[in-house]
Amino acid sequence: MKNTAVLLITCPDRKGIVAAVAEFLYKFDANILHADQHQDAQGKLFLMRVEWDLTGFALDLAEFSRRFSPLADRFEMRWRLEDSRHPLRVALFVSKYDHCLMDLLYRHKTGELPCDIPLIVANHPDAQKWSDFYGVPLHLIPVPAGAKDEAEKQQLDLLAAEKIDLVVMARYMQVLSKNFVSKYPHRVINVHHSFLPAFVGAKPYHRAFERGVKLIGATSHYATEDLDEGPIIEQDVVRISHRDGLEDLLEKGRDLEKMVLSRAVRWHIDHRILVYDRKTVIFD
Amino acid sequence: MKNTAVLLITCPDRKGIVAAVAEFLYKFDANILHADQHQDAQGKLFLMRVEWDLTGFALDLAEFSRRFSPLADRFEMRWRLEDSRHPLRVALFVSKYDHCLMDLLYRHKTGELPCDIPLIVANHPDAQKWSDFYGVPLHLIPVPAGAKDEAEKQQLDLLAAEKIDLVVMARYMQVLSKNFVSKYPHRVINVHHSFLPAFVGAKPYHRAFERGVKLIGATSHYATEDLDEGPIIEQDVVRISHRDGLEDLLEKGRDLEKMVLSRAVRWHIDHRILVYDRKTVIFD
Amino acid sequence: MKNTAVLLITCPDRKGIVAAVAEFLYKFDANILHADQHQDAQGKLFLMRVEWDLTGFALDLAEFSRRFSPLADRFEMRWRLEDSRHPLRVALFVSKYDHCLMDLLYRHKTGELPCDIPLIVANHPDAQKWSDFYGVPLHLIPVPAGAKDEAEKQQLDLLAAEKIDLVVMARYMQVLSKNFVSKYPHRVINVHHSFLPAFVGAKPYHRAFERGVKLIGATSHYATEDLDEGPIIEQDVVRISHRDGLEDLLEKGRDLEKMVLSRAVRWHIDHRILVYDRKTVIFD
Amino acid sequence: MKNTAVLLITCPDRKGIVAAVAEFLYKFDANILHADQHQDAQGKLFLMRVEWDLTGFALDLAEFSRRFSPLADRFEMRWRLEDSRHPLRVALFVSKYDHCLMDLLYRHKTGELPCDIPLIVANHPDAQKWSDFYGVPLHLIPVPAGAKDEAEKQQLDLLAAEKIDLVVMARYMQVLSKNFVSKYPHRVINVHHSFLPAFVGAKPYHRAFERGVKLIGATSHYATEDLDEGPIIEQDVVRISHRDGLEDLLEKGRDLEKMVLSRAVRWHIDHRILVYDRKTVIFD
């Protein structure tokens, strides 16, 4: 397990920010492992991520906020500190299609996804075998037509009880309500099986097939109340031809979905994503 | 120059088509170089392309239609015969952006595009230097607001006089009228600077930038009266990141546009494209 | 399950082959689903694959050889007939790394790989959990130093007893002997974790890292007695940068390996691969 | 034209480097536009690039070295300062194949390559037309067998007289001597028409064709005395199939070569490349 801290900053672009932050960390003997920054020229925004080794860091993280606040105030920063010794707690939501679920659980097992996965939420019982195999409790919460409110209440209670930091919709075929999403801003990741903004909405592979496109895509993004309109995290495409039937598109698409969703989860739990406007910065 | 004939066939899918066509060609001693076919299961269509060496072919192509018609009628074929000894005559339309124009002219010069290019049509004088360099006459036909009809009449007269087979809109920034396009069905190729159907219409790079996509694309397609809705020939994408400003998108996009447009032109002049519904088959 | 037959042909390139084969199949009322061919200009070879629906096919496949032989002899064909109603029997060989194994078993379960997988052969016990999960018997055959002959004898006996058609080395970290490979010509598929012929041999990711390449690759190929020199079936690459450490290469490589190996297995069991010289034709 | 300075630093990895550099620049009121850094864990190296706006920068660049040296000495830095108001002077070397030459000259004209190109050096006269078209003087220096020394002397005299900063071998089909290369360390960029280290040496496309690979590649790298062994700057690949003859590989390869060479030149003249060991860091 890593023994690092990550500081993420968004503020108006001004001179001296890097110097001030670097000086602050150096004062407490931080061994900086990664630092990356981005200036958005349009919005005159400055965004920064710094990760340092906690070994030998001379400031108790419990004291960090008090000590860092004057600097943060001076530059009008929105900021947060992440402690990699406390891995994020992730809930996986799934329906019938299980390829993303099994892919994420496998990557978690191999150590590619350094997080805790305390639960799976499913509206179908099919994923039970993966729950058993990986020893991750599955909570079956059906969502009958007209009873989404009640189902979401159960889900939200579960998430709260388990102190969940991130919800991953691993081909969870339900639209989450505005109420649900607003409780986890930029903390619900969805995968849409098209190259957004092409084919927003239902049955994108069918529509891609009808339109005769030569590439199909998949997109992972933060879920917002406007379906498929949230900030895009990752996209990828694969070539198809006239020889590919709808079934081939579905198959090729599954591999895309696994890739773009797992990368998004990886970057989120590594605290490498900052959202501004409707865009994401993915720090190196 | 090649010395081959290409037969392109579309007909209802039935047994015996390949046997009949192959038998017909064999009877006249054809040396088949390429044969490719496609069945569209949905539409119950059969599509085929055969290319054979004319050396030693025992049937005069002038006689082909008369001899082939009974077979074609039996299978209810729509078909056409292309003679590679008569390269297609291609007109390049251009406005101010000249990267696709210069790319196509260079590929033509190196032999990658085996066609004749007897003229360039431009609504701006900027491309004159390429006309001079490559010795391809440029016809400057401005398109003032409200006078598109008159300009198109001049263009159509030119195309007719020069017996043009294919119009390539090499970033020609004008929308061709329904009247124009209907005179060259599936014989006008356009390049749209997005991954269609994402960002249909104007300023796609600007909108891609605003939306925060992680890949940008370009699409070559046959122009139809519905803008950007014609059958797609080729698409490609390139990765971008939050570091790429609008100017970077425009630069990266130029390389995409050159690639997808030149491939489309290449396939068209090799008679490798068949259109059905709104889709294309690209034969190998 | 499919109800089709596949005919694969290699012969000297001559006129009339397609006509003769198509006529032969039409005579027995075959409904051709796919036909693809390739001429190798250098070797003056003709290679062909035809797949037809067995529903309504008027020739008993048991009689096929007797009836087809005169035609085959006339054109000096090497040919084989595959009956898709008898799926290939595939053995998966694995060592400690299980990502390719779990990927192939999952694809098999979802129906992407229409074959039978009657056994897993492992030289380490780690894969037992996958054997249990998918209900595929695992045979643990350790390969102690100096005792490969004995181990291979056990393996070959197993393969014979189970009538195995195809051996897939799913990151099986042992070199198979010349004797073993010669018993399964073009029927052992291996995945090498580099873009061959770069980094032939051991530890390719380490060497790619040392060399500072900007892309890493993976290659699936038929195993021959010369390690990593067999006919290449599929290759793919992924971009890396100076930020990627060796561990990142290993991770990114795992996804590549899964993709190129599963595609190779898919194409093999669909009888879409013909080998000539050291090359493969992958029929559409 | 840009009005910025770029500072490039390599030094042993220690705490406080970023703070010291940022503080130094802030003291002179630098408006930092880009900052990127890399730690090489193996070599315990720290590498950094900072670019800032010279508008309002309170230190005369002529004074920079004197003022920065104490800090640089403290951290044992190798460093250099680049002034974007003085674009690099680039010489293009070419033989008969002119696709990279014409591509670079076009990109230069459009502003994609912010440098000066005062001369073309050619050992064949074919490129004269591009010299005339773009108004860049061409120096024809034939390299007869056995007379390379004399030719290189002429070339080196020219480069010195024109104060050339960077030599770009745009498919210049001669091997430069150890003597030549040593005079321009990491300042000669070559393009090799394969995915290095596959197919080092002559005729890579021919050998790729013989080997039956499924992807071909191209590589841009700094030329060193060991042919094709220099630090890799950029690589890319394109898919091929059994249908592609040698001529197709050459054609597809030309597009790859243009892409990887032009990117390398772009990154070099933007001072975004640092070399260490045999590797390159490409700063964002």
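A, B, C and D are the chain letters, set down in written order, and residue numbers restart from 1 in every chain.
The rule we apply is simple: contacts are C-beta pairs under 8 Å (C-beta built on N, C-alpha and C of every residue); 3 or more make two chains touch, one makes a residue touch a chain.
Quantities reported herein were computed from a predicted structural model and do not represent experimental measurements.
Sort the other chains by how far their Cα centres are from that of subunit A and give me the top one.
B
What whole-Å value do you get for the distance between subunit A and subunit C if each is reduced to the mean of its CA atoms?
Here the centre of subunit C sits 37 Å away from the centre of subunit A.
Using mean CA coordinates as chain centres, what's the gap between subunit C and subunit D in Å?
42
Send over the residues of subunit A in touch with two or more other chains.
Only 243, 284 qualify.
Which category does the touching pattern between chains fall into here: line, ring, star, complete, or other?
Graph shape, chains as nodes and touching pairs as edges: complete.
Note which residues of subunit B are touching subunit C in the complex, please.
Answer in residue numbers: 15-16, 18-19, 22-23, 25-26, 29-37, 39, 284.
Give the list of subunit B residues in touch with subunit D in this complex.
Subunit B residues touching subunit D: 99, 102, 106, 110, 112, 129, 133, 243, 251, 255, 259, 284.
Applying the document's contact rule, which stretches of subunit A touch subunit B when the two form their complex?
By the definition above, subunit A touches subunit B via 38, 40-41, 195-199, 210-215, 217, 231-237, 241-243, 245, 277-282.
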